[in-house]
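Look for chain A in each of the two complexes below; its partner is chain B in the first and chain C in the second.
For the complex of A and B:
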């Protein structure tokens, strides 16, 4: 490889090359380059939704895969997500104007007593990267806070995260309360966090346990597809 | 510097540390979501029992109930200002328990992560992290801890900040990290990376190693990774008793006392000096571990196959230390 490749002029690349370069730049977490790439594609007449799905979501999918496979780790993913956010900030108002299709909506938060929000933040960012609307309740959420957000936001998905042995059972408190109030079936409940596993997710009554942010996105898409099919059939 | 812990290290072939704190406190009625550190003040009798159970089961060393006792974590419970006090009490109760025994028992002041991401990725600056750790260290020192015990750390920056803070408190220390993501820490650090980092510290720990993570097998693979770096520094192995399962409203770890006894022997043979459990490790596990360490002869260093044969499969194919690390899917941009 020669040194000439050091200086890539994004505006000189054709669409296909540019999208490939944006995949690389997302992978490297280069925010300014991503913002530039998004603007160039918009100037060339791309629809905001096309920029989102083909360039940003496409790039974040690769980041997600390498995170899942233990090639990228939290610091790199945070950088990538930050770069994506730069691009999203440009696209968001345009998406609203153009009435782009809605993928789905998720309310997410770390349960009561748990301050660890790294995993939750990654899920939020990756879900946004996949085109979902995400309402992030932050850390340390008691059951009341989840219920309130479900009421006001009417999401498709509830995501809960816990990182400690001492806080993971609290997810069951939230799910049990939803059952008591007859609201459990109104939402897809996804849970995640380092000490959890699939069996735990099942035992507490969640729809799925998601091992990491990439799996969370795949699972969420899967459930949304099923929901759409159900609606279409029903 | 001599202290009770370094004396024990010099005198002994292996040291049995303690097991779980959180899992044990749940069994005593701790509610999910509540801060265990509050019990130092509200239920000192239960904390005393927690320590006593570990020592009675054979532990030479136990960790204080102060894992989340730093200002960043206690902030969640509106108790950020009580970091030093709650840490001090956790050590005071520990000192009192340890001094009752006629064999040496070490009070190790537990210091867990802040839970925040350090700059430049996150908001926590090095200076503030040092201050947070220093405050807790002073509390544990006042309460009579023999040694400070940093645990479950993921970021090398946080480990370094704690090392600096413990120097300010003028306390000996040990420090373990948690390797829970494809054999690395959440931040991507490998066992080899950690061994290298520890050796370069200005205020190095008396011992270093791994705790928590994913199951006992993974933890021993990490220990082998440390050993391969050739450091003379004693190694700590504190693995979980299997993986968590949920039964009738309780978290239960599936590793039996017999399995943890196997784990203890394999940990010693792999090269660990300080051996204990983490989540799910109860007094009955510790008793079996003690018995095994006392009665079974030292063996050859186990291979990866022997570890998985005895304790079950690894959670990931590789741990980042071999040459079989998978390739990135994208090229990196070359920067001028």
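For the complex of A and C:
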């Protein structure tokens, strides 16, 4: 119990200090502390959307930046994501009740033959944090499953992920099928995954290659803004 | 005869070219033992070997640049250079760079494929989708390449987040070594995966090197 006096009592912090502390706790992957922080902010009358964007997304953005800069590595990002997931689980039902702004809708999945989902899961979570409704198809998705989800969910964005050199060409199969069926222009297609690059994204006919979750969110927001501008102009 | 470098050196530093010869093999440190064995068994004395640190595999985006630097550093000293990397997660960039540099490389997506034989590996298709592969080198260096970089030494609770979609650990053996089989089995246990032993020998690696040795 010798370190008890050094323990930070989250409920004794003011809002600004608490959010700052939650950034630190998210960075350190402390799930229970994040859940406690979320509950405290809600008890203080914060709207769920404000807790999500200011405390969780704010903190996860720092994690994402340090991952990109090589300061944090996969294990630390996973722990942070797990902590954020804990906070999101509390906020999600409340967000639905309070009618938080919806930026757009995305269907996302890892392509056929590929079981890797760490990156995809991060993108899903950050997209949800940014106000997107996300329908996650999971791993190993054949083209039929993408098409079915596009039909039933009518998203704005299709996201595809692959970690393997052998599976990434399957993204083109999906895009080519959309072209054949005359549906390609109905969706913004974003692709990502470790072996991909911008050149590959262009070559297969995607709208953009996103090198990480933060870029995926910014790119998706950008496309949604363009879509709205186009609709307003039309 | 070239002394066999130890695995830690191959992981972190690689191996400098030192034997001389008409052909330089620029290889991943994870393949050094296998290539030196093949050289010795086949008497390929006109082939010299340099290895880049095997740990580059933890950062595939750095492989193309590292290979390029090695080609440029060594090309004047040799008649031919052969790159003993497969695509290795570079998304086609290594292949494109080697073509631009005018050097050949091993065919295949990764060493698991060429050890098994690229055709055979491709034919298995989705059957091996949920398999996590280890070679002789990776079994020996399991902690350095898997356990520690994945943070499992510090956060064992991450295991199922990282390996939850895998079902099997396939040990592709290049050599018949009962001690390595037992170590690989223990690795599977640590990851919570079922264990499969598959003896591959040197597969297409040997064929590629044979081809280069005969050609030059």
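Note that the second predicted complex is superposed on the first by the 228 of 234 C-alpha atoms of A that agree within 3 Å, B and C clash if a C-alpha of one lies under 4 Å from a C-alpha of the other, contacts with A are read in each partner's own complex, and residues count from 1 in each chain.
By our rule, contacts are C-beta pairs under 8 Å (C-beta built on N, C-alpha and C of every residue); 3 or more make two chains touch, one makes a residue touch a chain.
Treat the numbers as computed from the prediction; the structure is a model and nothing was measured.
> Is the arrangement of chain B and chain C around the shared chain A a clash or a fit after superposition?
On the shared chain A, the partners clash.
> For A:123, decide between first (touching chain B), second (touching chain C), both and neither.
Once the two structures are laid over each other on A, A:123 reaches no partner at all.
> Who does A:208 touch here: chain B (first), chain C (second), both, or neither?
Touch status of A:208: no partner.
> After the superposition on A, what does A:72 contact: first (chain B), second (chain C), both or neither?
first
> Let me test your reading of the model: by the given contact rule, A:7 touches which partner, first (chain B), second (chain C), both or neither?
first
> Can A:41 be said to touch chain B (first), chain C (second), both, or neither?
Touch status of A:41: no partner.
> Chain B or chain C: which reaches more residues on chain A?
B
> Would you check which partner chain A:113 touches, where first means chain B only, second means chain C only, and both and neither mean what they say?
A:113 sits against chain B and chain C alike.
> Could you tell me which stretches of chain A are touched by chain B in one complex and by chain C in the other?
In chain A, positions 73-76, 78-79, 112-118, 139-140, 164-166, 168, 194-197, 200 sit in both the chain B and chain C interfaces.
> Chain A touches which residues of chain C in the complex?
60-61, 87, 89-93, 109-110, 122, 125-126, 129-130, 149-152, 154-155, 158, 161-162, 165-166
> Which residues of chain B touch chain A in their complex?
Listed in rising order, the residues of chain B that touch chain A are 20, 22-23, 25-26, 30, 32-36, 72-73, 75-77, 115-117, 121-122, 154, 180-184, 186-188, 243-247, 249-251, 279-280, 316, 318, 320, 325-336.
> Applying the document's contact rule, which stretches of chain A touch chain C when the two form their complex?
29, 73-76, 78-79, 82, 112-118, 139-140, 164-166, 168, 194-197, 200
> In the complex, go through chain A and note every residue touching chain B.
It comes out as residues 1, 3, 5-8, 21, 23-25, 27-28, 30, 33, 62, 65-66, 69-76, 78-79, 111-118, 139-140, 142, 164-170, 172-173, 194-197, 199-200, 203-204.
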